[in-house]
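Two complexes follow with chain A in common, the first pairing it with chain B and the second with chain C.
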Partner chain A sequence: MNIRAQVSSVFHLDKCIGCHTCSIACKNLWTDRKGAEYMWWNNVETKPGTGYPTQWEDQEKYQGGWVKQGEQLQLRIGGRWGTLGKIFHNPSMPTMDDYYEPFTFRYGDLTSAPAGDDQPTARPVSMVTGKPMKIEAGPNWDDDLSGSNIYAANDPGVVKLSAEEQQQLFAIEKMVMFHMPRICNHCLNAGCVASCPSGAIYKRGEDGIVLINQDKCRGWRMCVSACPYKKTYYGWSTGKSEKCILCYPRQEAGEAPACFHSCVGRIRYLGVLLYDADQIESVAQRDDKDLPAAQREMILDPFDPQVIADAKKSGVADQVIEAAQRSPVYKFVKEWGIALPLHPEFRTLPMLFYVPPLLPVMSMNNQGKQKLADDFFATLEEARLPMQYLASLFAGGNEEEVKAVYRKLIAVRIQRRSVTVGDLPAEEVSKACTVAQLDTEAIDAIYRMTTLTRIKERIVVPPMLREQAIEAGMDPEEHKQEMGFGKRISPKRRW
Partner chain B sequence: MTDMILFGVFPYVAVALMVGVGIYRYCIDRYSWSSQSSQFLESRVLFWGSIPWHYAILLILMAHFLAFLVPSGWAVVVGSPLRLYLLEVTGLALGISTLIAVVLLISRRIGNARVSAVTTVVDWLVLLALLLQVATGVYIAFTLRWGSVWYMHTATPWLWSLLKLDPQVHYLAALPAVVKLHVFNAFLIAALFPFSRLVHVVSVPLTYLSRPYQVVVWYRQRRVR
Partner chain C sequence: MTRQMLNRFLLLAVGLLLLATPSWAQPGDPLRGEALYVGMASFSAGGAPCLACHGIAGRELGRAAGASYGPDLSAIYEDYGEDGIIDVLEDLSFESMVAIYENRPLTDSEKTDLVAFLGTVSTGVVPDIGSSMALHVVVVTALFLIVIGALGWRRLQGVRRPLVERARRGKGEIA
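And then the complex of A and B:
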């Protein structure tokens, strides 16, 4: 056993209102710089939709993630020689047009234009060239299904559906959508790490945060292709790749990452998971449909005395084990089983999990009416958003996985309805619990966690023990001002 | 006198800059050490520019270095007329590819607004120096046969004399001006190296072939009880 700790997250999609506050918080902190304007380490997509960058889920196009090659895993962009062979020009690298050209407006013209017959206007200008441009794309261009006959219809997950399912999805007045915020998944079997020719990308041993060593990055730009989630970004001005750092400087000070902290809908949960690192390779090779379950299995019970003993032997600090016991992510993913990884079939073992959205699933027949358990579960079959679509997002195509989650979410509703309105017969409620395989205690806990908790319960930042690490190894007097401040050279092109 | 400055002194200056500034930059500002890829801004022309450029220039450079470092082996290779002919034809073909490629690389830095927005003065110096280098190289290959033979009697002994800190510029004295330009420009490029994106050449990531896929870095020594 080689037990490691991973700071992991859960996003509860039923609670996301698509306000983009997370994106703005992140942008203001980290990417409001030349060369990084187009980067949205955190972005919010409308599903169905093509996302950012356009059709990022289409790995035929972008060649991200891993493929099984017999008994081994290989990066889809190629083996080691293949990757190096593409170093002079990377054929599957997205270009700026796959994201969007960052723009601003000449606001100054509004006040400085000479008097004339026409209203002065603030023309849009490119933040790359400085020249006037026509704005034709943005990071959430298809927000709330705008242009859905172009964007939603070309969602790689929608394209895969049958003609009938597509028709059902796009029926006028029945169209459904949900918002899906995305950040780096800080994967266990990360494609970006594996693809970096310089070895500049690494996972921090203590907390599993994946970072790019900016001094070691040489701009070979393989990570941009190899990340199937397109969450490493090439800094077009600096010549360095960058990605979400899970706000590790904030976490080291005990604070929640900015996107978590600012989340209006309180959809975000953060906590430590313990897992067995020796299993990474074998789990990542399981069949598509088994991947969600296999990933769940490799997560260990932080209350199990054997696990605790092994974790200590592997060097996991006591305080971190204690944080793992309070982890809301463990509850969502493992205890309740209502959070699933995004696109597990990319085989990177992403450590950000989603509670799939219930609202867009409830069938049309049920709108506004409260039905009994039987009807409720039947709705899964005639859901407005085809189960296959959700299964291809969150379960490698395994519908049973998503249905199991939905049964639980529905059971929570039925139970809460019986408590607050009291118009459901007791046997209906207990039947719902049986179908969902949840006891009332768990239902209460889910209800509590999704509605009533405060930030300290939703976001359990483990002590990162950096201070202690310095004290143990080196003289803090001598090294003061060196830790936590990062580079003191500004990230600009100088040579 | 001019020859002495150009071929007896300048090479030392160039190499000193290359090594001195190179190490300084690597230590002080490693963040700046990058290929400065512009593929994100323009990919299509880059394909036709970068791939032929790199494969061809690496092979040509290798030939120059081999003839300098192992002249005896090189002499054997060019000893037979057939091999000499094959070598020269290959070299010429590669040279022409670099020439076309560098023209394409330059054209996209002029023609594409996004790429030209990220192009610095040094980028221009590098590309123009490289253009001059491959253009004179191809011209020499066409007009002064057979370079792979006379190189061994001119450039090789001269380079060795430089290495022995006893520059013998007379080896180059009788060569036509275009060859002298080619030689001087080569060291000019070396001098540009530490100030430009050319530093990427010494960062060839060969360790990628043997390292484990996943990299895990521990902040502390893992304390194993």
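And then the complex of A and C:
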């Protein structure tokens, strides 16, 4: 047993209203500077849709994540020699157009243009070249466009569906969509870390946050390909790659990450999970359909005395174990089992989990008129969004995983309806609980966590214990005297 | 005056005497001249060997290395004569040579050796060189650029734009 702590999150998609406040909070804090304009460490996608960058889920093109090679796992872009062979020639990357060319407007022209016959206009200019440009795309160009015949129709998940299912999905009166916010998943088996030829990317031992050392990065951009979620970005101004840092400076000060803090729908939950690092390799090799369950198995019960003893032996601090016991993520993922990883079949073991959205699933027949448990569960069969689509997003194609989550979400609804409206017979409610395999206590807890909790319950930032992390490398007292506010070694440039 | 100091004085005197000997008193050594010309032996003051800039086509010197900064010296002996060459080396009448040899003057014996060597190579005609070589260089460079270009040709293919183009062609509408 090699027990480690991982700061993980849950995004509750039913609560996301697609307001992009998270993206803006992140942009203002971290990427509002030259060379980083196009980067959205946090972005909100409309699904079905191609996402940002375009069709990022299509690993035939981008070569992200891992593949099984017999008994071994190998990066899809190739092993050590394969990566070296591509070091000057790596075509598996998004172009600037696939992200979007960042733009601004010449607002100054509105007030300073010379007198003329026309109204002065603010022309769009590229933030890369500074020249006037035609705006053709943006990071959320297909925002709320559920039926777009370019973006929605080319969602890699939709393309996989049968022609009939696709037709059904885009029939006007059945059109459906949901929002999916994405940040770095801070994976346990991160592809970016494994692919970096400079060894610049690392996973922090104490909290599992994946970071790029800006002093060591040489801008080879292998991580851009190898991350199947396309969450490392190349900064064209610094010549280095950057990614979401899960606001570790904020977390070290006890604050929630900016996107979590600013979330209007309160969809974001954060907490520590304890897991067994010895299992990473074997779990990542399981079959696609077993991956969500295997990943759940890896996560350990922070209340189990044996786990606590083992964790202490592995060097996890008492305060962190205590934080893991309060972790809402543990409840969502393991206790209730209603949060699933995004695309587990990429085999990076992502540690950001999603509660799949219920609303786009509810069948048309049920709208307006509430039916009883039987009919409610039947909605899964005639769901507006095919189960296969959701399973390909959250469960490596395993429909049963997704259905189990929906049964629970529906049971919560039925239970709450019987409490607040009181028009359902008691046996219907208990039947729903049985089908969903949840007791009323758990249902109440899910309801409470989903709707009533305050920020300190939703976001349990663990003590970051920087002194102990520093202690591993040098004397903390020396560090305090010598490091000051840290250092920056600017890159050597010939110009 | 100690014996040691006397020895040093004698040595200096002999050295000065040798240096003062007029150049014409010694005939040049063409073999040493060639060595100096191509750089096998170095000039005592450290100047660059002549071959760095001047080829001699008659001897097939300077072809591969592309010694073409200065004119070919195959016929210099006919053109300038012995004294002319020595004068050029003495006065540095060509501007581009000033920077190279001003602070690194050639000794008299080096000059005569070079003259002797240039006298042996003199054929009076400058044979035509380089046209086939130049052709080779152009062809090889072009091939190299084509191969590199082919490797990089449409290396990064976009994803979004083709989707838009396809939809535009297919249905004549865009979203």
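The definition used in the following text is that the second predicted complex is superposed on the first by the 464 of 495 C-alpha atoms of A that agree within 3 Å, B and C clash if a C-alpha of one lies under 4 Å from a C-alpha of the other, contacts with A are read in each partner's own complex, and residues count from 1 in each chain.
Note that in this section a residue touches a chain if its C-beta (ideal position, glycine included) is under 8 Å from a C-beta of that chain, and two chains touch if they have at least 3 such contacts.
Keep in mind the model is a prediction, meaning the values are calculated, not measured.
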{"item": "Simultaneous placement of chain C and chain B on chain A, clash or fit", "value": "clash"}
{"item": "Which superposed partner A:Pro305 touches (first chain B, second chain C, both, neither)", "value": "neither"}
{"item": "Which superposed partner A:Pro53 touches (first chain B, second chain C, both, neither)", "value": "second"}
{"item": "Partner contacting more residues of chain A (chain B vs chain C)", "value": "B"}
{"item": "Which of chain B and chain C A:Gly422 touches, first, second, both or neither", "value": "neither"}
{"item": "Which of chain B and chain C A:Leu145 touches, first, second, both or neither", "value": "second"}
{"item": "Partner chain(s) touched by A:Cys217 [first = chain B, second = chain C, both, neither]", "value": "first"}
{"item": "Touched partner set for A:Gly116, first chain B, second chain C, both or neither", "value": "neither"}
{"item": "Partner chain(s) touched by A:Gly315 [first = chain B, second = chain C, both, neither]", "value": "first"}
{"item": "First (chain B), second (chain C), both or neither touched by A:Val193", "value": "first"}
{"item": "Which superposed partner A:Leu84 touches (first chain B, second chain C, both, neither)", "value": "first"}
{"item": "Clash-bearing segment of chain C relative to chain B, given 24-32, 42-50 or 114-122", "value": "42-50"}
{"item": "Residues on chain A lying within both footprints (that of chain B and that of chain C)", "value": "89, 91, 93-95"}
{"item": "Parts of chain B lying in touch with chain A, wherever the complex brings them together", "value": "25, 29-43, 46-47, 50-51, 53-55, 113-114, 116-118, 120, 122, 195-197, 199-200, 203, 205-209, 211, 213-225"}
{"item": "Parts of chain A lying in touch with chain B, wherever the complex brings them together", "value": "80-81, 83-84, 87-91, 93-96, 101, 126, 128-131, 189-190, 193-194, 196-199, 201-206, 214-221, 224, 234, 236-240, 280, 312-315, 465-466, 469, 472-473, 487, 489, 491, 493-495"}
{"item": "Footprint of chain C on chain A - complex, ascending", "value": "50, 53-55, 58, 61, 89, 91, 93-95, 97-98, 136-137, 142, 145, 147-151, 153-154"}
{"item": "Contact set on chain C toward chain A in their complex", "value": "151-152, 155-161, 163-164, 167, 171, 173-175"}
